[in-house]
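Presented below is the structure to which this report refers.
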Amino acid sequence: MLIGIDPVLTPDLLRHLGAMGHGDQLVIADANFPAESCANRIERLAGASATEALRAILSVMPLDTYVDAPARSMQVVGDPEAVPDIVAEFQRIIDEVADHPAQIQSVERHEFYREAKKTYCVVQTSENRFYGNIILSKGAIAPS
Amino acid sequence: MLIGIDPVLTPDLLRHLGAMGHGDQLVIADANFPAESCANRIERLAGASATEALRAILSVMPLDTYVDAPARSMQVVGDPEAVPDIVAEFQRIIDEVADHPAQIQSVERHEFYREAKKTYCVVQTSENRFYGNIILSKGAIAPS
Amino acid sequence: MLIGIDPVLTPDLLRHLGAMGHGDQLVIADANFPAESCANRIERLAGASATEALRAILSVMPLDTYVDAPARSMQVVGDPEAVPDIVAEFQRIIDEVADHPAQIQSVERHEFYREAKKTYCVVQTSENRFYGNIILSKGAIAPS
Amino acid sequence: MLIGIDPVLTPDLLRHLGAMGHGDQLVIADANFPAESCANRIERLAGASATEALRAILSVMPLDTYVDAPARSMQVVGDPEAVPDIVAEFQRIIDEVADHPAQIQSVERHEFYREAKKTYCVVQTSENRFYGNIILSKGAIAPS
Amino acid sequence: MLIGIDPVLTPDLLRHLGAMGHGDQLVIADANFPAESCANRIERLAGASATEALRAILSVMPLDTYVDAPARSMQVVGDPEAVPDIVAEFQRIIDEVADHPAQIQSVERHEFYREAKKTYCVVQTSENRFYGNIILSKGAIAPS
Amino acid sequence: MLIGIDPVLTPDLLRHLGAMGHGDQLVIADANFPAESCANRIERLAGASATEALRAILSVMPLDTYVDAPARSMQVVGDPEAVPDIVAEFQRIIDEVADHPAQIQSVERHEFYREAKKTYCVVQTSENRFYGNIILSKGAIAPS
Amino acid sequence: MLIGIDPVLTPDLLRHLGAMGHGDQLVIADANFPAESCANRIERLAGASATEALRAILSVMPLDTYVDAPARSMQVVGDPEAVPDIVAEFQRIIDEVADHPAQIQSVERHEFYREAKKTYCVVQTSENRFYGNIILSKGAIAPS
Amino acid sequence: MLIGIDPVLTPDLLRHLGAMGHGDQLVIADANFPAESCANRIERLAGASATEALRAILSVMPLDTYVDAPARSMQVVGDPEAVPDIVAEFQRIIDEVADHPAQIQSVERHEFYREAKKTYCVVQTSENRFYGNIILSKGAIAPS
Amino acid sequence: MLIGIDPVLTPDLLRHLGAMGHGDQLVIADANFPAESCANRIERLAGASATEALRAILSVMPLDTYVDAPARSMQVVGDPEAVPDIVAEFQRIIDEVADHPAQIQSVERHEFYREAKKTYCVVQTSENRFYGNIILSKGAIAPS
Amino acid sequence: MLIGIDPVLTPDLLRHLGAMGHGDQLVIADANFPAESCANRIERLAGASATEALRAILSVMPLDTYVDAPARSMQVVGDPEAVPDIVAEFQRIIDEVADHPAQIQSVERHEFYREAKKTYCVVQTSENRFYGNIILSKGAIAPS
């Protein structure tokens, strides 16, 4: 445990978050997500929900202001306009916690998988609600 | 996720529990436990409490009936007779879930560390209550 | 050995099954299958038949309901309509054990090999009957 | 699969058996044996019983004629003179298959564990009968 | 050394032969063959000729009956019809030892190298006769 | 870079600090310290002084309140009572930044080396002042 | 520390600089640069600015005289003609320290990332000024 | 040191030379050559010139008689017909030491780099003369 | 294959022989020797006899003149004065090939095993005659 | 090659010299020295003499002023007072190049081997003169 750092941020996740640079992305994934076949770097947060993970990660990671969609969710199969409860909850957390405002944009399911394969790492949670996945893009921190 | 298996049991923890044999031990540790300097095999359950971990582990792991103390807790420094709330909760979970009855025995703190170094693995939780540590010894399963 | 878990599920196989996500696939292969040249992850179940392996795996792994063919067998060379005894036995086990009904579909032999190379892992059994191979696709588990 | 070689002898087990020299030992262990904490080299035969493993191994491995006890079993705790059924079965297989006659000798349980730690490898089977463990010492093959 | 197994079959070669499946191939190569730049898996049999290696390998490995050419040699550069003495000797050994009859077919030298790169492993012998190379394809073993 | 975290804390150092538990120790070392022969885990902070490192580390790491000397410096050879300027500066930083008050205690040089070998990791800085070394012991964080 | 060598040149960075040959390139990157996703070889200089790193590296590394642009910076997004202060400072250091004169040329941001992926290594500094990145090409040293 | 073997042939270089087969190539490179970015296998001969390395290597390695150019040098940039002194010296050593006569052929610089990436290994010397690079192709040794 | 070097000296064995220094030892072992449990470095010469190996090794390796027994054999169990045929043949080869005269001395069997564990490597041959083992100590080569 | 750094200092040797701290030692060894059995870290300088290596190493490495014997040679066996020519040459180089004066002290041969095993690394040269070995202890560099 570290002073002032959310205990959900494990040592390896802290390492990943610190090593990511401007424009690198990560996936917060639910418990059913095919994490190991998508990515080389995986950190499991057994016992944490996707929303707890999002809140913890945004407490230290800035969002990318150079891209249109720094936060992307997976569209419901067959109902691309639907907004699952968990995605609405993701948006509320971003509104509350993120260093920059950002509107979640949804992408088609297989496009989401292809994008996930390009990210820096996948953070797999114990989230059991469907569509509990979000891709975040890391921003830069200006000199203070 | 697997059918009928507690989702707190991550892939690596399932592997460890299955690979352990009769008499092998594991530690369920709190968030302040010096896990990496105690043991080679570590599984982190970020987001799970020690009691959630105990309940999940006992759902698949038998307790050793060949030893006097298949479950051991750490004594409060300066008050060896005290029973912290979390240890009492450990005992209630064992009473409810374990395949065999077992009475938790307490051991002095440094002795607990020495014993921890001999175990098969340490399962580090996000438990933030002090003294949230327990050593379990695995039993054998008889032919049905 | 673990309580309530089929002993054919070795520690490494349990790890693989748990780490697989929605849409990941695995091959249960017979003893003549070229497993090591097909895949990076291999688990051998020496002494177990392909049907014992199927029964054990389906006891914990849900089948994919998002795809047309969550279970696929290899067509007999020169007789694509034939249903070998072992494939009929695979179907009976699925009917009896699987969490969802699924009709095995057969694919041409070389197509089967190409599909096998894309799976998450190959489980090689001691099955000595020809055509004792099946590809399964893992499903998701909804919140209870 | 190989011509004339018992299919229970997996590729890795064949490698171990061939690499062992005169005086090297191996353990055939039951499903409850603490194999991973005893030895670095482990081969699992999920689905094979200890007696199937013994029969397969003796089909290619000579017994040591330089030592008093080339085959050793574990004594029943509290009844060192007892001969469990499985040990009697081990003896019948040796009598039938081994290249040299050998009388199984029993050793006290903790002594058995200490001896197991010195062996070349542990072959863990799915044997679920208690006391299904045997240590074998490999012999030399004279020029023909 | 193992009972009834040709001592030229080293522990690692036995492992490779056992791990190969139906349709996997191996190269028996002469001492001048560029083995390490052709393949990842190499087993050296220093002191054994290519013909000794062929005899030993065919004693345990079935030939593929599903392909036209389960045994292929390298054509003499500039004289594709020539049959070097060592290739004739390969044919005599196959006629004598193999589980199925097979006629060696020759392939052009650079085609041979390209095929060699696709095989499961290369077995490099001390054979010093030119053209002492042969590619074998492994067959399946039917239930007895 | 992460929000609210000192940029001197590199990804690997953050990982080490998070993985350390109650009672684990680390060394902040100067540029002449024999770091690689002392410890397995090393993190270099090229360009940072030992005092910058101390300030950054104490911003997230609690000091151990269970031991007499959670902060230890190296005695000047031949003048054990001397307090080098850099050690005085270490004390001022602790007084200002640490979560608990702590008085630096000095230990003899060879004893310091022996203690350093037992720590969790060595953080080697570019500090070029002699005696710019300090051993810190990590504390526990109580539930809030 | 070594005699006459800038202490910012860590052991691993010295190794990289020595192992690079004529035409190999390296990136000096700022703290926000996505270093780990760009390159396999990374050396972090926590606590050093990009300009300190440039000065140290040019003290031992010759610039390439065979290419048009041995030093390249990243163009400001939206203002390709702008010269950020830090780039002007890079130019002054090159003018002062480099073994050959060289005029920094700027490349478009995404082109810079693509070029960075081809370099021998990335040296990530604690530089917090934006656009604090430069690609250098190593020259040859003639016999003296 | 070994009897009758040039001491410049280090243990690893001897290994490489022996493992190379007919048609495999190696580069003898000067001190400025970008060896690590060209090839996976590198052997450094610090203190040896390229001509000493050539003499040592040809003492045990036959030249390829199946190809037109078993020895290739790099053309002087801008003067492709020039023969640098060191290349003339390479030719004299081949004339004197090689098992077969061979005329060095020159290739354009970037073509030389592309060819170097395909070789079995690069032997990097301390040669400080420019153009001190040569690619050799290994021949076969006939039965005596 | 290399010019003038015995083809029994495989690439890895050449590497070991070259890397050994004055006083380092190696074992030439017969096919029954427990090589893998004796030593970390093993080179197998499948198809070569122990005497072929001895002749090949002595063609490049000097014998140690600083020790009393640079060549040691294993005593026949129960008959320490006996000189097995193969040991007599070892002596004839040393007399004929070694750079220095040396008289083989025999050591008791278990002492031989203990000594073998201290050697640099074990060269395991296909020698099937019993007692076909010899330990050699490498000498130094003086400047010529 | 690097500006102002002796080209005998290979990339790996530079790394070792930079990573060594105050009191760490290294051996410069002759070609007959048993380097691989003495130490884990080895750097070979094939083609360089021990005296060239000493001169190059002392150009960047300070000598330890805290110990009595920062430079130690091996005593001639049977003549401990003798000073071999190469040791005299070592002394002249130290007198000329080292940052501090130091008188070489000789230690008995087996003591030299024991000390060598404790050093940080062994630098093995092509020195063929006997007794061409020296142990150096690295000093500290004070702030300028």
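By written order: A, B, C, D, E, F, G, H, I and J. Residues from 1 in each chain.
Basically, contacts are C-beta pairs under 8 Å (C-beta built on N, C-alpha and C of every residue); 3 or more make two chains touch, one makes a residue touch a chain.
The structure displayed is predicted, hence computed values, not measured ones.
Chemist: Which chains make contact with chain B and with chain E at once?
Modeler: C, D
Chemist: Would you kindly say which chain has the C-alpha centre located farthest from the C-alpha centre of chain G?
Modeler: Centre of mass proxy via C-alpha means gives D as farthest from chain G.
Chemist: Using the average of all C-alpha atoms in each chain as its centre, how far is it in Å between chain A and chain D?
Modeler: One centre to the other, that is 51 Å.
Chemist: Chain A to chain C: how many Å between their CA centres?
Modeler: Each chain reduced to its C-alpha mean, chain A and chain C end up 32 Å apart.
Chemist: Hey, what residues on chain G touch two or more of the other chains?
Modeler: 1, 9-11, 19, 31-32, 128, 140-141
Chemist: Please give all chain pairs that are in touch with each other.
Modeler: All chain pairs meeting the touch criterion are A-B, A-C, A-F, A-G, B-C, B-D, B-F, C-D, C-E, D-E, D-I, E-H, E-I, F-G, F-J, G-H, G-J, H-I, H-J, I-J.
Chemist: Chain C touches which residues of chain E in the complex?
Modeler: 19-24, 66, 120, 140-144
Chemist: Write out the stretch or stretches of chain G touching chain A in their complex.
Modeler: Within the complex, chain G contacts chain A at residues 31-37, 77, 128-130.
Chemist: For chain H, which residues count as touching chain I in their complex?
Modeler: 1-5, 9-12, 14-19, 59-62, 99, 140-141
Chemist: Under the stated contact criterion, what part of chain E meets chain I in this complex?
Modeler: Touch list, chain E to chain I: 1, 7-11, 13, 31-32, 44-49, 52, 125-126, 128.
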